[in-house]
Amino acid sequence: MRAQPFPPEMEIQEEDYFDYYYDEPGSEPGSIIIDPEALPTHINLIEYNPIKAYKKSDIQPKDCQSCLNNDLVSWADIQGLGSEKILREIAEVFRLHPLILEDVVNVPQRPKLEDCQNQLLIILHCIKPNSNEMGFTSEQISLVLGKNYLLTFQEDAIDDFSKLRDRIKNNQGKVRNLGADYLAYLILDTLIDNYFPVLEDYGERIELLEDLIVADPTQKTLKEIYNIRRELLALRRSIWPLRNLFNQLTREENELISKEVYIYFRDCYYHTIQILDILETYRELASSLMDVLMSSMSNKMNEVVTLLTIISSIFIPLTFIAGIYGMNFEFMPELEWHWGYFLCLLLMLSIALLMLFFFWQRGWFKFYFSKKTKW
Amino acid sequence: MRAQPFPPEMEIQEEDYFDYYYDEPGSEPGSIIIDPEALPTHINLIEYNPIKAYKKSDIQPKDCQSCLNNDLVSWADIQGLGSEKILREIAEVFRLHPLILEDVVNVPQRPKLEDCQNQLLIILHCIKPNSNEMGFTSEQISLVLGKNYLLTFQEDAIDDFSKLRDRIKNNQGKVRNLGADYLAYLILDTLIDNYFPVLEDYGERIELLEDLIVADPTQKTLKEIYNIRRELLALRRSIWPLRNLFNQLTREENELISKEVYIYFRDCYYHTIQILDILETYRELASSLMDVLMSSMSNKMNEVVTLLTIISSIFIPLTFIAGIYGMNFEFMPELEWHWGYFLCLLLMLSIALLMLFFFWQRGWFKFYFSKKTKW
Amino acid sequence: MRAQPFPPEMEIQEEDYFDYYYDEPGSEPGSIIIDPEALPTHINLIEYNPIKAYKKSDIQPKDCQSCLNNDLVSWADIQGLGSEKILREIAEVFRLHPLILEDVVNVPQRPKLEDCQNQLLIILHCIKPNSNEMGFTSEQISLVLGKNYLLTFQEDAIDDFSKLRDRIKNNQGKVRNLGADYLAYLILDTLIDNYFPVLEDYGERIELLEDLIVADPTQKTLKEIYNIRRELLALRRSIWPLRNLFNQLTREENELISKEVYIYFRDCYYHTIQILDILETYRELASSLMDVLMSSMSNKMNEVVTLLTIISSIFIPLTFIAGIYGMNFEFMPELEWHWGYFLCLLLMLSIALLMLFFFWQRGWFKFYFSKKTKW
Amino acid sequence: MRAQPFPPEMEIQEEDYFDYYYDEPGSEPGSIIIDPEALPTHINLIEYNPIKAYKKSDIQPKDCQSCLNNDLVSWADIQGLGSEKILREIAEVFRLHPLILEDVVNVPQRPKLEDCQNQLLIILHCIKPNSNEMGFTSEQISLVLGKNYLLTFQEDAIDDFSKLRDRIKNNQGKVRNLGADYLAYLILDTLIDNYFPVLEDYGERIELLEDLIVADPTQKTLKEIYNIRRELLALRRSIWPLRNLFNQLTREENELISKEVYIYFRDCYYHTIQILDILETYRELASSLMDVLMSSMSNKMNEVVTLLTIISSIFIPLTFIAGIYGMNFEFMPELEWHWGYFLCLLLMLSIALLMLFFFWQRGWFKFYFSKKTKW
Amino acid sequence: MRAQPFPPEMEIQEEDYFDYYYDEPGSEPGSIIIDPEALPTHINLIEYNPIKAYKKSDIQPKDCQSCLNNDLVSWADIQGLGSEKILREIAEVFRLHPLILEDVVNVPQRPKLEDCQNQLLIILHCIKPNSNEMGFTSEQISLVLGKNYLLTFQEDAIDDFSKLRDRIKNNQGKVRNLGADYLAYLILDTLIDNYFPVLEDYGERIELLEDLIVADPTQKTLKEIYNIRRELLALRRSIWPLRNLFNQLTREENELISKEVYIYFRDCYYHTIQILDILETYRELASSLMDVLMSSMSNKMNEVVTLLTIISSIFIPLTFIAGIYGMNFEFMPELEWHWGYFLCLLLMLSIALLMLFFFWQRGWFKFYFSKKTKW
């Protein structure tokens, strides 16, 4: 099982979750800024129709020129955003609007759908659970859907789409019989489905917290609740715009998407809604847990203070009595009584018993004698 | 009465409430995954018109072929989702879209309404109170409404619809005189009405909590409030989509639903609204109870700390005075006074009375002398 | 004045506020369930036109047959929902849809507006303050508005409409000159206006709480705040649907309502909005009061703990010094000094004064020397 | 500067803020109830066109008859709502709908816009800061805009419009060149602008609270926060409906308002939005301040309890040691050591230093040695 | 790095954030009030077409007359709002509506979009981080877009647009090839992009707080959280209206904006949405931090009180025993036993160990022996 309450190393790069790209104020619109750490750009092209399908690896942008004319469905997968020259050549070949190129290259952007010049730009995030620690990683994937072709721009050369490539190669399912719009759907569907395992991790972490919160209502639990709320907020920022995006995709008549494929996009829409549903539920649970933590701390304090009060209330008056008979006055008749000492002890015992009865009656002992609830 | 504050065994499988099905990322759309624990699939067919009605049990998918052609209303009730072959044959006979079959088989899905290819898919949940403990069970029921037929897919072979089958058999009410749309309504109505007894249980649990919260503001009460909030959240996830679903059903003109039946679907819509109303009320009450619990704990602490302060404030100064006259200085004139001891006691008494007066004036005794409120 | 902070008997039937009717799951739609405690059904008929008006008491359903044909405006007031036979006959005479009859008889329903078969069904609640205690009672009133007639179904034989009957009888105001739609308005207006005195009571209870909350931040105050929040929630459930209902009534063109009367329904709409406004204000005030209560308890605790700390911090060190000179070591030079005792007392006094100065400087005495604020 | 944290006399009539008028249930619609304390009614008439302008004071209703026919713009300013006869005559002269008269006379109503019978009724509130204390006063002003005339009904004979009258008299600005609609705008604009100084006072009170809340987190501060929240709630109830009102005025085509004047009403709309913006900001700040107060109290308690713990933890063990050597056992070897007393003192000193080191290490002294933050 | 937890001088003029302009109630609409501290007005004119571009500095209003007629794109940049005469002349030359001039001069206004008389008025704020301290400064910039010209009104002579002027001069990018609408976009884009660095500062301040909040949960942290919430509220007031503004700009067909430029305004819209997204995220984080602070304080108190209880519970009973044997009764048999003293010490030790075991078992030591979490 992946989720652990408090993993040994808490070396998560938390600042990543709220990363975003923004232009230098006053910069030229459409300017692209290459991240010096970005991977060099590679282009893989897959072309297919119901009869044949082939793949070309590491081609040059000008080799894609043919995609626009032939009647095959073309999928140009651009991996790595580090080579400005290649990216600009691709933009030229496919006649991308400068703003589209800007959104594709300057990552991360907010997920969005932009319909411009017979092309549909879809930007969304590929979310994956961290393999060896808690949290998730996020990476931007941009799709440009044209008449007969699909461009995908990926930050990393991840291998999420290998199953899909196999399905094209082996002619499994419907993919070879339908157009670039169905291919776009298959990619979007994969990306949406990626959210579920991440969510499941949070479900498990919340369940673990439910058990821990009473046994150990400390700073660590508090930190974990805060982290979960923080990360769910980041997840929500990434998924929330998709709701609108798919809603637009399914409602607006768009000539790039065929009637047959709409029902598939609607399926994506329902999945997005479901993810948001689960996310909101987790957020509400995490917020309830914060209340529970506060109550739990308050309860713990009650327990501690009650003990202090019981002990103090019994022994402070008794100590006072002992103090009286420790005074050195010359004339203190009781001191001379033969049974004085024992009468004094008896008095003390009575007071102690009276006090205990009072506390028992008010139910102040239940903290100590009730079995520890395993809630 | 079912609701109990804290039932002896707290062995509720809580994780069930937030269960959901999701595709393996990258899997083929329309693929169906048979749960190894699912029951084997049985098909029961009821066919009727105003004049006659008969029932066929445990038939084969191809026996349903006739439903599509004859002018009887057909209700094919498919129980158990464990036999992939039978399910695929049904899909073939009734020409179900692959995505519909996927939603029907891969349970649980979010409730939804899908209008596709002259068929209407309605997915919702059958909610039932747990018979011997708190909480509820949830099971998916899918309806596929066609021109002249209705398919129902159930996870379990529950017997919620036996009364309905009797009404068809005995020609009670209008059911035999109307089409498959009215039959669909009758099933939906039964499923919606199932929510009410579950809600009633929560109403009772909240009422019990209102009594317990002051008498016993402890971890157990806290746990119970959290559980109620958690389960109401799960219930809300199940009922919330229905609001939209029925709203769509009553507003959109759909050729599968006759004018006469619209008013019945509107009735379902109003019932859904009412359930949501009650649910929100309970959620707000549960949230108020959390505030009450916090206040109650705080009040309890005040009570305990006030006692500590009263006892300490009276006896600590007195003990100090006793301490003074317990010192062993050689020259302490008071010790030699004949009435010194009694003057000292008098002084102590005065201080104690002064303190008590001060506390009484500030009203600090009201915790102890006011009759325990039974709120 | 009606509102009292804590009335002597707290015997309010709280569970009533959240009562609602629901069908037995699987029951026949349109089935009516007679509550065994319901009053027997009586029908009073008032018929009028600008010239004449007469009233028939305790008539039979079939006597209403004429209402449908003559050109008088007819108001059939059905009181008591206990006689199934009579209710069914009425439904037959006026051709009520089975679902309408169900909604009318199976009380309480959520307020709603249903337009069906040339009849307009309006369901709402008659709210009245409890005469001898806090809270309110709620009762369903259903109106069926037809072409020339108005049916009202009441649970109880209350006498809210006697003034209205007098106005019809004495031809006061416009009522005799307008149709059944205006009569419906007059009844709705009376029912809406009934909410105001109930709201006023809550306003007074909240004002009383504002005074009590600091003087007496105890369980009773907490209980009262919770009760107010609870009852306002119940009130809101009853009034909220009316907003939509009247909005629909004023916007949709309906042939049963004449142009002249629309402005009156709009007036009802504005009153409903105003009630909701006040209700939300009270809800926010009650929620603020909960915060104030928490702060007030926290402040009280500060006050108590500060005293404890002052007393302990002064006397515990002094007692320690006294303890030192109470030790029985054989060689303790100070004990033999002649002024040792007085030097020791002087030391103690200095420490005490130093401590007091420290506390005074930090302002810890302000709790005790500031005049009790009467906020 | 007007705003003071806690003015000497807290004699604000708080109940005024949530005042509202409601009909006696069952009363005749359109009935008007004269408040016995209302001022007697006076009518002042101003008539003007671009060329001339004159004013008639204290005229009779029938003198207004001419307004309807001549081609001057007429502004009838009705001050005081105490004379039923005069008010009814005005209604007759200007043919006001009974419901309009009711809304105008039975104050205070919720702000609203009603378009009926070629007349536009606008009800809103004139808000003014209290001159000698905190809070504000509210008074209803009703405008009835007709073809060529404007009626204003004021509760009091306030002099808010004297500048406006001067502008008409002296032909300043555009007022004499435009119609009654522009006059209505000028009055509305004045009323809206009246909200700003009141808001500014709340801004100052909140700023004062920000300084006070830490220095003095007591009941008075709590009361002040609660009062501000309460009064902002009242303000919001008065301004919120205006947003909708002006939105309607600017969007709907109304023949009473000329094209030229629409831009001015849009300006009012923007001012209303701005007031709501500021109001919401203040409400959020007041709500944040409540959190700050709670934290501040909690911090104060921490400070107090930490001192108690430090003092107790050091001196209670020491007192115990002193107690041991104060016992009267016959055989206690240490007592007879020559340096026993000094060894004992040394032991005590070591323990005290150890404790102090422990507390210093945990940072528990920072409350006392950090300079008081002036936040 | 700019963000510091608590900068040395806290001399931020906080009241600036919630500044707003409002008219004196009753003042003439369209009147302009010159702020005595406003800078004198200077006009710089840039005119260009694809072929040529020139700049005139410090010209007179009448020199702009030609802009309206020639076919160059003209950008008149008016800096400083201190010279009423010049501003009125500009208004005359460009035929500005009085309300537009009022909005432009009487700063600060709420951001808005006003379409009037063939001109488009856009008001928004130029936000910049404070260079040497925390927080930001805000200044109003107004754009008036006409057929062939653009007016910009700036409070200050800031140099935000120098890069833009260079691009025009050097014919970089598309600016010289497109109209005044594209120029307006470039200015808006720069202003929107200015928000990002300010937001980034808040992100850093929140991150710093996340580290500080547990190590130092004091008044200063509380003050910093409150300040962040306060300033984010101010930022939100400034950015929120832009969302609507750009939405309107992109949806409404406006003849002043060419088809080609719409996609650019849509880009501004997406940036605004993104800023709001980040802002809301920060607001939620700041609000969560307040919860964390409360929990942290509560935890600290638990820690302190637990120590007090442990020490008191062990030593108070022991001191009592010592007190008993310090009494001076004549007959106390134990005192005379030879091993009495040692037996007594043994008894005390046993009690102490028992208590320690009890506390260890309840886990009360974990506060002190667990390594300080660096969360």
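As written, the chains take the letters A, B, C, D and E, and residue 1 is the first residue of each chain.
Just so we're on the same page, a contact is a pair of C-beta atoms (placed from the backbone, for glycine too) under 8 Å apart; a residue touches a chain by one contact, two chains touch by 3 or more.
From a predicted model like this one, the values you see are computed outputs, not experimental measurements.
Participant: Quick check on the contact network: minimum steps from subunit B to subunit D?
Facilitator: Tracing touching chains, the least step count from subunit B to subunit D comes to 2.
Participant: Would you kindly state whether over half or under half of the residue numbers at the subunit C/subunit D interface are used by both copies, giving same or different?
Facilitator: different
Participant: In steps of 5 degrees, what rotation angle do you get fitting subunit A onto subunit D on the CA atoms?
Facilitator: 145
Participant: Return the distance between the CA-based centres of subunit A and subunit E, expressed in whole Å.
Facilitator: A distance of 25 Å separates the two centres.
Participant: Measure off the straight-line distance from the CA centroid of subunit C to the CA centroid of subunit E, and report it in whole Å.
Facilitator: 41
Participant: Specify, in ascending order, the residues of subunit D that touch 2 or more different other chains.
Facilitator: Answer for subunit D, listing residues that touch two or more other chains: 294, 298, 301, 305, 308, 312, 316, 319, 323, 326-328, 332.
Participant: Have a look at which chains touch which and call the overall pattern line, ring, star, complete or other.
Facilitator: Topology of touching chains reads as a ring, each chain with two neighbours.
Participant: Which part of subunit B faces subunit A closely enough to touch in the complex?
Facilitator: 10, 14-15, 18, 20, 22-30, 97, 99, 109-110, 112, 114, 116, 217-220, 222-223, 226, 229-230, 233-234, 237, 290, 293-294, 297-298, 300-301, 304-305, 307-308, 311-312, 315-316, 318-319, 322-323, 325-328, 332, 334-336, 338-341, 344-345
Participant: Under the touch definition given earlier, write down the residues of subunit A that touch subunit B in their complex.
Facilitator: Listed in rising order, the residues are 160-161, 163-164, 167, 172-173, 185-186, 189-190, 193-194, 196-197, 203, 207, 210, 214, 263-264, 266-267, 270-271, 273-274, 277-278, 281, 284-285, 288-289, 291-292, 294-296, 298-299, 301-302, 305-306, 308-309, 312-313, 316-317, 319-320, 323-324, 326-332, 364, 366, 373, 375.
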